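Below you'll find a set of structures to go through.
Here come two complexes built around chain A, the first alongside chain B, the second alongside chain C.
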Partner chain A sequence: MSKEKKSQTVQTTGHAWDGDIQEFNNPLPTWWIWGFYITVVFAIVYWFLYPAWPVGDSYTKGMGNTVEYTTKEGEVVVTHWTTRALYQKEMQAAREQQAVQLAKYSKLSFDEIKKDDAMRAYAISVAKVLFADNCAACHQPGGAGLISMYPSLVDDDWIWGSDYKQIETSIRSGRKGVMPSFSKTLNEKQIDDVAYYVLNYSSKQNDFARVKNGKEIFNTNCAACHTQKGIGNIQLGAANLTDKIWTVAGITAKMKDKDKINSIKQVIKNGIAREMPGWENRFSDLEIKMLTFYVNELGSKQ
Partner chain B sequence: MSDSALYIDKRVPVFPRSVKGFYRNLKTAILILAYGVYFLLPWIPWQRGQGPSQTILFDIVNRRFYIFDLTVYAQDIFWLAGFLIIGAFLLFYITGILGRVFCGYFCFQTLWTDVFIAIERMVQGERNKRIKLANQEWNGRKIFLIATTWILWVLVSFWTGLSFTLYWGEANQLIIDFFTGQAPFPAYATTLFLTATTLVMAGLAREQVCTYMCPYARFQGAMFDKDTVVVAYDSIRGERDNGRLKPDKQNLPAQYRTENEIGDCIDCGYCVQVCPVGIDIRDGIQYQCITCALCIDACNNVMDAVKYPRGLISYTSESNIEGQKGAAWLKPKNLGYAAIILVTSITLIYSMLNKSQIELHVKQVRQPLYIQLSDGQVQNRYDLKVFNKKQTAIELEIGITGLPGAQLDVRPAKRFNVASGESFVLNARVAINPKSLSVDYQEFSFVLKTIDNEESITVSAQHFLPN
Partner chain C sequence: MKHETIETHAGILIVLTLIVISIGGLVEILPLYFIDDTVEEVKVDGIESVRPYTPLELRGRDLYQREGCYTCHSQMIRPFRDEKLRYGHYSLAAESKYDHPFQWGSKRTGPDLARVGGKYSNEWHVQHLVNPRSTVKESIMPNYGWFLENPLQFNDIADRMRALKLVGVPYSETQAEYELNIKNFGKEVANQLDITQAEANLIEQAVSKNYDGYIAEITEMDAMVAYLQVLGTMVDFKQFDDGYFATFR
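Let's look at the complex of A and B:
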């Protein structure tokens, strides 16, 4: 039907330039025109409902679109519609939701958290973020630490103890790892022998005279902290010298004994002075609890 | 065009006349089938071990789709790509051979417009009455008829929109929530939006959707060839040398027409009146034609009445008209389409039937890559994620193989339960004495078994030593 009505001659707009230049007419469908009008109306309605026009150094705020939210600091803010306010509102809702979940943890013991798979997984994911933000700078993101500087938290050797209580004390009050320098107390030969003896704890050496000599020097100078058996003392943060883990001397399994001894000698000569700050004032009790649980889980127990 | 403004092409309203015939019946049957599926599917219960008892449910909140016995998780999204590939090529394939059958019989625009026109006819009467009504002055009767039509249109549109929404929630509950004002906002928004679009597209825009909006309508020409089936008017028989002629007593007999070279077309205009897109098929193939075949029904009815042979307007093809017999199905193009459809379908079905019901992902912890333990062993850590796609909860056990002498420590436990549709995260710690390994890193495997030993999954991993 529309086909019948369309005339066969070419339609023009009726405009003519230079006498004979004409413009073809290619009319728009009605539905398209209406779509255009609707967008115009939409824009005008939008101006009234949302922030739209700049006025001086301010702008029109829109009507009936207030957004209210509480900031992290507890301040109540009432503002006109903005995406930032909506974001803050969502963050507020997320905080409230998280608080409900976190509140459950204050009543639970560590063992109860550990037994409940869901609670355990949530605690770990919360603590992982805290760890990454606060602890990873020294202890590294995976908790491996840096040899001679920051202890590894992932192995099974605990300088200050692996109990929840001991870990909590470490986080809360910090730790001071101090070993005096023996470069003036002992001469080169003595240091050499005592280093030989220290290596003998974890990997048996053959020179019995040197071991014997070293043992005497060790018992006099070192055993107060490291004990005569060399197993260390977690009360003092004295490392266990009998296992294969070296926390300060840069020793790896594939090194030659001579290099290992040199590495041990460096520690004896220089001493140790490292410190972890206390976090009591920077973390909430719940955060310390989460981190304590996480650090314990990080470590290996055999 | 005289009633149009200069820059606006005013639509000429189309008032399709009803027609009876084979293709009309076919269209009606397809319409009933399609409506039956669309409107009833959310209401049909379906028992499954876990999840809602609804045949089809697209659960956006929990990120899983329930389709009969199939549960589709977010990670199965590539199936959608498979479906789209099949859908697209099926359309190309069918279009190449049968032309626009999708447009004419299956497209929702055609189906809903058909229903809207039927409502219009039911309330306002046949074509001539509707034209008269549209052109007459407004009075009580006109207001009543138009209002009744619109009310029925709105009801159909609303039920269309609501039915769509029901696919995305548990229908039995959602419909109660919907009418008591407790449904979530998106349910109302979706229903409102689809009610509005249905009303506008099927009630007002109609053939303009096909002519102006639909991209498929515009590119389908590229898929046509000489053998493609189209609806066409046999102009040789219809016009002959002396053109079509309205019948009178003298020229009505078929023999008279042939002898005097008068066309078989009696110019009754029935084919034009029934056309839902408002074209005259006798002008040749036109891009507006959706091949709904109603003009074939109309013309056949007329041919029967005047006792001429049927088929003046018929499904035919260019090569058919030229007297060639084309083998449309055996063209390389169509065989290629068929091959793609076949391969994709087989791949998709195979993937659906053989999808692993239990998934295990192993990720090596690389910070640190290895850990020196106090007894001299070297430990590596792995984050494991187990996903249970079964309809029931399962009890599983994790172990390792290929690393003799190694110790496995799993947090929280080696044996664990995973609820249906849930995932479970484990941290596995594998320690081994470095002296028992001759290389710096050793391949081994994690083995995840169901407690009843019926299923097991093996995923390989590496164990690294300090270098």
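Let's look at the complex of A and C:
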């Protein structure tokens, strides 16, 4: 059938605009019409089965759609279908699934976890995920840290201590690393000498007069936190200056001594105010335990 | 009325069209204002947990909108286990009740920010906003260096609060409103919601907390970080039984 012939057989709506412009009345395909009727029927059935219509200050809850879940406190709740009830059920299922395995961990000490290969591997795999989601933004994936900004967790230097108790405290309550700026207390020459002396701790320098001068300034101004020996104080988060690992100054092994001193001077001049937030409210006790174990494993043991 | 009558009278056509297309909104949105459980009750010892933003946080929220952060970041944690594990407790309607407009967003190019408050340090936020790749290597977020360069403009802060007051945010202007705020939020919060003290409060918060690390000036960074650090921190979920918020649906 040609197009022309077909158009002659189609009905019009009966309107005529400007005398002779007419509107075809093409009926929708039957399958489409039925699709529409079915959605109408579906909606009506849905009204009865699920929460649907507002009524005053409440709404119809639907029929035969109860969800049952147990809260953490052990209360059994039966309610109509809601996404939050489904969430509670999902969380409950996960809790029950993990309960046996996790219960073992709450009883084990860190040393016991460490000795048992399977337990150790499981704790690390759990903590790795937590670390990636929560800690890696600062400490970087794998705990490498960012030089001069966020401490590396894989090296041998522990600003706040490496034993389990100390790491747990760091995670739970966070840490505030504070060193005052000395740009007003000390003049340029003094800062220069004290930086020279600080570098002398980890790599011996030749200018003894400068070292001697720097030592005096250090003992008056810096030793209260860093100690006269320069080994630092983990109670205060004062860094150990005697090893070759720099936790704040942006120093790498390949740098020349002159650049190293400049880096140290920057720290002395600007001071430090850095903070790690506390995580107590974001993690469960068990999660903190696993993370503590993982972080300790990351670094080499002192 | 005949079909032809409607089609040949533009005025009638417009009115009838408006009535028809508003039915969807009226049926789906209007009843929520009357249903008791729409917004959860979040009170600890009679004090409302969720409060309006302080003046500084409010300016931060304005910047969040100005820069279009919502086009890549949602602020809506859905009630699924995977979301809870990554972002924290699911978002409550109550937590957005003073947001006009709400910042739920509809697309996550970056992570959800509903509970980003307190997760990172102020210094991290400053550094990350200036150059996201300096902390997160694989990030595709643009740099927002001007937050540090632009001084924060806040001489109109009282007007901004008054505008929100018009749509129902309980900032106070009269003594009676102030006292009602003390009753609902406690004195410390009520002081922050006092429009007459807005400018002083803003300066006080920016100077004492010094979010951007620069003492000399109050920059846009101060406001931005203040806002980010308060997101999702108002409700202390440890104060509520597991499943309490599920009873509101």
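The rule we apply is simple: the second predicted complex is superposed on the first by the 206 of 302 C-alpha atoms of A that agree within 3 Å, B and C clash if a C-alpha of one lies under 4 Å from a C-alpha of the other, contacts with A are read in each partner's own complex, and residues count from 1 in each chain.
To be clear about the criterion, a residue touches a chain if its C-beta (ideal position, glycine included) is under 8 Å from a C-beta of that chain, and two chains touch if they have at least 3 such contacts.
Computed from a predicted model, the values in this text were never measured in an experiment.
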### Query
Once the shared chain is lined up, is A:206 touching chain B (first), chain C (second), both, or neither of them?
neither
Practice item. State whether A:273 touches chain B only (first), chain C only (second), both chains, or neither. Key: second
(message) One more residue to check, A:39. First (chain B), second (chain C), both or neither?
(response) neither
| said: After the superposition on A, what does A:252 contact: first (chain B), second (chain C), both or neither? | reply: first
Both partners, chain B and chain C, contact chain A at residues 140
The answer for chain A against chain B in the complex is residues 1-7, 11, 13-14, 25, 27-33, 114, 117, 120-121, 140-142, 144, 152, 154-157, 240, 243-245, 252-254, 297, 300, 302
Per the touch rule, the chain B residues reaching chain A in their complex are 1, 4-12, 14, 204-205, 208, 212, 272, 278-280, 283, 286, 365-368, 371-376, 379, 381, 409, 411-412, 416, 424-425, 429, 431, 434, 466-467
As the complex stands, chain A meets chain C at residues 15, 54, 56-59, 69, 71-73, 75, 77, 79, 82-88, 90-91, 94, 133-134, 137-138, 140, 146, 149-150, 273-278, 281-282
In the complex, the residues of chain C that touch chain A are 4, 31-32, 34-37, 78-81, 84-86, 88, 90, 118-124, 127-128, 134-137, 213, 236, 238, 241-243, 245-249
